[in-house]
Amino acid sequence: MVSEGYAKKLLADVQAGRLSVDEAAAGLGSLGYEDLGFAKVDHGREARKGFPEVIFGEGKTAEQVARLAEVVLARSDRLLATRVSRAAAAAVTVVAPDAVYHETARVVTVDRRAETRTAGGLVAVASAGTSDAPVAEEAAVTAELMGCEVSRLADVGVAGIHRLLDKLDTLREARVVVAVAGMEGALPSVIGGLVSAPVIAVPTSVGYGASFGGLAALLAMLNSCAPGVAVVNIDNGFGAGYMAAAIASG
Amino acid sequence: MVSEGYAKKLLADVQAGRLSVDEAAAGLGSLGYEDLGFAKVDHGREARKGFPEVIFGEGKTAEQVARLAEVVLARSDRLLATRVSRAAAAAVTVVAPDAVYHETARVVTVDRRAETRTAGGLVAVASAGTSDAPVAEEAAVTAELMGCEVSRLADVGVAGIHRLLDKLDTLREARVVVAVAGMEGALPSVIGGLVSAPVIAVPTSVGYGASFGGLAALLAMLNSCAPGVAVVNIDNGFGAGYMAAAIASG
Amino acid sequence: MVSEGYAKKLLADVQAGRLSVDEAAAGLGSLGYEDLGFAKVDHGREARKGFPEVIFGEGKTAEQVARLAEVVLARSDRLLATRVSRAAAAAVTVVAPDAVYHETARVVTVDRRAETRTAGGLVAVASAGTSDAPVAEEAAVTAELMGCEVSRLADVGVAGIHRLLDKLDTLREARVVVAVAGMEGALPSVIGGLVSAPVIAVPTSVGYGASFGGLAALLAMLNSCAPGVAVVNIDNGFGAGYMAAAIASG
Amino acid sequence: MVSEGYAKKLLADVQAGRLSVDEAAAGLGSLGYEDLGFAKVDHGREARKGFPEVIFGEGKTAEQVARLAEVVLARSDRLLATRVSRAAAAAVTVVAPDAVYHETARVVTVDRRAETRTAGGLVAVASAGTSDAPVAEEAAVTAELMGCEVSRLADVGVAGIHRLLDKLDTLREARVVVAVAGMEGALPSVIGGLVSAPVIAVPTSVGYGASFGGLAALLAMLNSCAPGVAVVNIDNGFGAGYMAAAIASG
Amino acid sequence: MVSEGYAKKLLADVQAGRLSVDEAAAGLGSLGYEDLGFAKVDHGREARKGFPEVIFGEGKTAEQVARLAEVVLARSDRLLATRVSRAAAAAVTVVAPDAVYHETARVVTVDRRAETRTAGGLVAVASAGTSDAPVAEEAAVTAELMGCEVSRLADVGVAGIHRLLDKLDTLREARVVVAVAGMEGALPSVIGGLVSAPVIAVPTSVGYGASFGGLAALLAMLNSCAPGVAVVNIDNGFGAGYMAAAIASG
Amino acid sequence: MVSEGYAKKLLADVQAGRLSVDEAAAGLGSLGYEDLGFAKVDHGREARKGFPEVIFGEGKTAEQVARLAEVVLARSDRLLATRVSRAAAAAVTVVAPDAVYHETARVVTVDRRAETRTAGGLVAVASAGTSDAPVAEEAAVTAELMGCEVSRLADVGVAGIHRLLDKLDTLREARVVVAVAGMEGALPSVIGGLVSAPVIAVPTSVGYGASFGGLAALLAMLNSCAPGVAVVNIDNGFGAGYMAAAIASG
Amino acid sequence: MVSEGYAKKLLADVQAGRLSVDEAAAGLGSLGYEDLGFAKVDHGREARKGFPEVIFGEGKTAEQVARLAEVVLARSDRLLATRVSRAAAAAVTVVAPDAVYHETARVVTVDRRAETRTAGGLVAVASAGTSDAPVAEEAAVTAELMGCEVSRLADVGVAGIHRLLDKLDTLREARVVVAVAGMEGALPSVIGGLVSAPVIAVPTSVGYGASFGGLAALLAMLNSCAPGVAVVNIDNGFGAGYMAAAIASG
Amino acid sequence: MVSEGYAKKLLADVQAGRLSVDEAAAGLGSLGYEDLGFAKVDHGREARKGFPEVIFGEGKTAEQVARLAEVVLARSDRLLATRVSRAAAAAVTVVAPDAVYHETARVVTVDRRAETRTAGGLVAVASAGTSDAPVAEEAAVTAELMGCEVSRLADVGVAGIHRLLDKLDTLREARVVVAVAGMEGALPSVIGGLVSAPVIAVPTSVGYGASFGGLAALLAMLNSCAPGVAVVNIDNGFGAGYMAAAIASG
């Protein structure tokens, strides 16, 4: 699946001894993975993406989560598992006693790097209401494990806009802002109008009636009148934290 | 269609001569209308609602609009026609030379009251962007004809929130605020968090992509996190102005 | 976040001693709030909105609801908490023995004002069917706590329209009408055609099949052919009651 | 495609000479049609349905409409063509000089029956607003051609409910009521609460904003709180008139 | 709420002694109802609609259902309660020992008429699959209580169309057909193409994936290519049975 | 329900003794079924479709599933029952001790054919993630029972595209590919671009937020930019396996 | 982007002289394309998919279509261009005088194969109504160019089911059936119940009101109660024809 | 609208002469704008966001666009106007002879900076098909004006994945990738699985049938199985380019 010209040049180099098999294999982008039966763990992920494969805990048994954690940690010094029940977190602790369970975020992390200094700029995680906390915390923990310094600004929704304006200094200091909101989802637009940093908007399923499980907030954020705003899936705190870290540590 | 007890009491009073036929007819709520063939003009409307029947111009011929205007003005000293083309407005002027055409709002008004002093409190009409002007103006002209003083605040969208905060005095002075916005529809929530007056939110079909013809703004406004906000149909400036006047002049 | 001209004038006045620091701070709209960790209580809310912050009980623990109630009551003589379970209501009673639990409405109220005379005009709360009662009652209790006299008209849906017409006197007496309906949501349109007062329409999630959780009623209400109707979110009795009180007591 | 037992009994009767081929063919429900190349005209339709195949004019050329009319009239003494442009109507007149074009309804009819006395009960066609007239008229003309007496009640929408109540006598006299409405679509529910006759509800695409091309009215009608209401497609006046005639003439 | 002319004529007749109070009250359509606190029972319903108010059991306590049954039976000799749990059915039996619980349909009926001969034509209730049985049975029981003879055709969906064609005789004999189907909802179209009787289509929520709770079947039925088909709400067997009886017994 | 000409020819042949009753019955397509009361088992299905009627277990009692299994096996040597609970599977084992329960797929099969050699080409079942396994397995088991050789490619989603490219040989060998994916549903498009075999795409309800129960994947697959892709219902593994077998064994 | 093991083995073979550069390049799947500036023509398509890249004419200028046709024909002996205007078809004729324009289908084809004998089984293309003809014809022309024999069955919709049953012989003879229908989209289900061949269902945007541009038909087809049905995008005749040919010629 | 403590401290400093009026005004965040009547130009935008207000040309007259361009250029050395017609572009050239019209992107730019060296990392703009070019080009031009080096990768959709894999070097070199796609919208997921840079996904309205104006692609992108992907509105090339530049130049 490479272009004809490139492939032939590379192969000719191997044939002629100008390239070793290993160098050419790397040039072809050959990548490894490990087959567990119920899943194929993508060991090339860390090479390609800068971070090992993340375990999505929902719908998996505690045993499956623990087994996946074990396999990931066999090759990487970091682990991130999201949507993890308390039971699954306990199972992970058996195979990784240094695992930490972040309860609000429902996230398990392991960090075995020699030194875990933060890299890149500040990530600010702003959330509109108290019910948005689990999603915001999932974003914050993710960004921290990926090496970012994170500043949390909770309960700064637009119905009491002075609470937000009061935090302008922190917002303007940030390299990237994650803005988490349910209901009418106006927070990213207001922040996007105040700062020059990129804003990652996260709609949450908080709300009732015509919020339609976060659809109202999602549409509002996609239609933000402020430039510099991009959106991730409803309740996808992990995605926002990952994206923010990719931006901040770039 | 009245309750049995009430009807019998009233009829017994007529039978006994305690009530005249006219008084009893009024007690039964009997109401008149006029049949034009293509429409029945509801002359009881002004009695019930405090304002004559409003002509909705869309999908009607210039002749029909003019004929309806004539019939309404035969019994009322005010006229309001919305969604009126320039041609239909001209046709109205033939039957009502004192008719005024409000071009941005696409509205025709006639006001023949002896004195047209404004009654009730101030109506503030705030709009988010320049494209929201026609809807906002329809609301403003409607409220004015219904006897309200109106203050217009244009282009105060949330992406440059200082433009809005700069008008806080006017907003707080108002008896009712009409907030007009397309795109993410965040303006009513922000205003609703700043003032104690009721806010009538008007989503507009301004936007593109996932705004879905105003649906994004509509959902956002229905999910406003600020209390004291109620919503009218997409682009329904007339409805918002009417509602605002009903509140302000109460 | 104020305009340049206004800010400089105010600051010059302070510099020149024409304004005290307190007066200028008020002019800048500086506002206080209290950080509870899991929430920031907006103490400026009562100043801005005329009513203290309302506690939304859904998704909060009994302890959180009680703690928030305590904080609000420390500064205000009124409390409103909606969507409160029986357990959370009990927890509130511990910190506020004079709290009242309105069971149908699932609302907790405290009213410690010296005199609680009603202000402004009458609020009529009309509901279409018996299943709409909880939403209607939430609206009624909210408006009462905000100082309004409320008249309840239950089970007056349009399939037996004489029950509604029989209450015309009460409807016409009202300063504002709240109309609560599920299914086809026709009640606000019919009432809107009969009275001159503004009508706040509340769609409920009552219905099945193609009611889609209240969507059918919501769309019907937004498309009301009667002017003077505005809509709040599905099942949002609180929002309707709040809006009605803001109108009636204006 | 008949059951094994039935088929064998019938065939044995033919074999034994107890049934002629023609009688058995009828017993098997064999049916004729005519292939025009661009369409197959279903001549069995009149036998099965009591009315010849109806021509749907939209998207067909004037020539195609005229050709289809010719083929239908070769075997039937009635013709109904809907959504017919003025040009196509003219083309039909060439092949059927006695064709009548109903302009508001955009319908062409031919009726060559020896005597066209009305059969069955009265069909009442009620419509909410003046813009609903084309759909209502399509229903009325269809029912008339199918042999029903039709009474038209125009502009009786629920925002001026006395106009409707004033026609109660006619409504209660009807064997079936067709109720045509756009916007919030409340008319069928109100009529359904007043009469015992079945009500055929027709949503129209009249409206704007969140009417979504008639979807709001459609959902409202499907959720009618009054029993005895069934719904046809948006703007489907023909379908409603056909259904009403099938009921009234039964 | 009657027209001015009519009301004055009637009142003048009373004044002049030409009409008694009772006659005039009837002429005004005055109607009674009974207020139970949690519901207003519409005793005028039987007069207007030919059938007493129907009890919708969903969301009501067993006590409420039983109390409503008692009140309805105090004035009527028939009772219909739908969506009734086994517990509520038992409670009804206490106040009405002759009540019958139809388990599949989840319906309770009482019929105390002196003679319950069927009136009008046959109602055929056809259903596509075994899972559609509860909805079909609700329709059948309703039509029976309203005095119709009912013929049930179960499991005749279009994937094995010979099962349907085999019942053509019964279908063609019927005065009205109720066609119940989930999934792709094709049954009413096929039946509508075969018979001249009107067809009441009932979409059911049977299906999965993109059936979206019956929406797929609902849309299919509204778009039926066969004329003479009208649709009721998803799973609304009662509505279809009621409509069918109104047609068959007309 | 056959054409007039065909029916008459056939009947004349019977009359003339050229055809026996049985032959003519077959020519008329007469077909048998068995009525169990709660269902009609379509015994003509195997003749028409090449496979006996499949039992859909969802919403049926264990007894009903077992009874249906018994009836099917009385006439066929194969049985397929989908969406079967463990309890219903046990009930089937009582009437068919050779029944096999496929736990991941929630499918019961019986295969009593003398020789069960695979026919036709290879069916490849590719799935994107571990959560898609139950749907993929339902497809695989179905195809196997219908006589196909099946190759399973699990966890080959597009976020690690080398895992998919690594299986190109198997994919290109297949006569037909079933591609199962939730979330963004991109797998069928990528496979469709790589192979010439037809691809049956199965969206799954795996995902959260704006996946809307599989709608996102469904729409993506319908809009595939690669030709040679067709789609079945969300989570409909059985349908995909059946379709694949119909293609492969053709 | 191949697996590590595979790549290394292949490279070692080249290094050792066991494989030539060309053979190894083929093993790596290296593929060519041609960059036209406004498009990259995928010359590997014919190798991978068995058919050259198809030109989608919508939104392209006549010049662009002709230029693309020229490039495709430089390497392939067949050409298929869909959604081609008459003007663009003329432009293609300039570069390929043997091009054929299929007017109903709006398709241009060129076929320069030495012998164009049909391969594989029969493709039957059945369509419900006359308005479905363009989509059906697009499917038929596509399948023919791909080497299939095609049988067209027009106007066999389910409202006159005898027209369909009359064609059972042809349907049962087919290796694969394409079923094209708008409105309620029932045709594929009925066919799917009658034949054992796989059915490719194509919803069309034919219809009005609640057909929502083909959505009603699409959902119906996805929910087909008959197994052996898969669906392509609305109006995607090309996709259905391509899929059918891939099945029939397999 | 600042917190009480902060405001009082600042005012006390002014009162005490520790801060000048200008310094304190800046501390309060006071901001300027210019009122043009039909719009308020936000001159604080460049200070807050690092880029002057962008002109959205759709729905504005050529004169309005030109006037706005003039006002922006009076205070800034850069100008960006999107969705600009050829006529409006000509009007801008009158007031800014150095304006450049980018035809494919429909964008006007002016760049008067002394030196316009690119800053930050590379922005790669990948698009799936030729029809996506206008949106991709809008993104590219926007990012270039904001100071980024841009690399364009056109026509690299997933149906011919080797064209994309062939560009892996460029993609991996980029600091941020903009991925533009219509139809099934799979491109961002595949790219997101290959690179560690953040990916901004732009759905386009390219497609037909069930693409629903870009909704299918939008949902697919929001549900991407690859982390590091965030989404902007349908067809919002400007938004993606702006976001990319904010990331790349951070």
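Per-chain numbering from 1; labels A, B, C, D, E, F, G and H assigned in written order.
Just so it is clear, a residue touches a chain if its C-beta (ideal position, glycine included) is under 8 Å from a C-beta of that chain, and two chains touch if they have at least 3 such contacts.
Being a predicted model, the structure only gives us computed values, none of them experimental.
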Interface composition of copies chain F and chain G: same or different, split at half
same
Rounded to a multiple of 5, how large is the rotation, in degrees, that superposes the C-alpha trace of chain A on chain F?
90
From chain C, the most remote chain by mean C-alpha position:
G
What whole-Å value do you get for the distance between chain B and chain F if each is reduced to the mean of its CA atoms?
58
Note: chain D sits from chain C at a C-alpha centroid distance in Å of 48
Would you kindly tell me how far, in whole Å, the mean C-alpha position of chain D lies from that of chain B?
38
At least two other chains touched by the same residue of chain C: list those residues.
1-3, 6, 29-31, 33, 159-162, 165, 193-194, 209-211, 215, 218, 222-223, 233-234
Chain-chain contacts, ordered by label, are A-B, A-C, A-F, A-G, A-H, B-C, B-D, B-E, B-H, C-D, C-E, C-H, D-E, D-F, D-G, E-F, E-G, F-G, F-H, G-H
Residues on chain B engaged by chain H in the complex (per definition of touch):
130-131, 133, 154-156, 159-160, 162-163, 165, 206, 208-211
State the interface residues of chain B toward chain A in the complex, per the touch definition above.
128-129, 157-161, 183-186, 189-190, 192-194, 207, 209-212, 215-217, 219-226
In their shared complex, chain G is touched by residues of chain A numbered 1-4, 6-8, 11-12, 14-15, 17, 21-22, 24-25, 28-33
Chain F contacts chain E in the complex at 1, 29-31, 33, 38-40, 42, 44-45, 58-60, 64, 203, 205, 214-215, 218, 233-236
Mind pulling up the chain A residues that touch chain H in the complex?
1-3, 6, 29, 48-51, 54, 121, 161-162, 165-166, 168, 175-176, 193-198, 200, 218, 222-223, 227-234, 238-240, 242-243, 246-247, 250
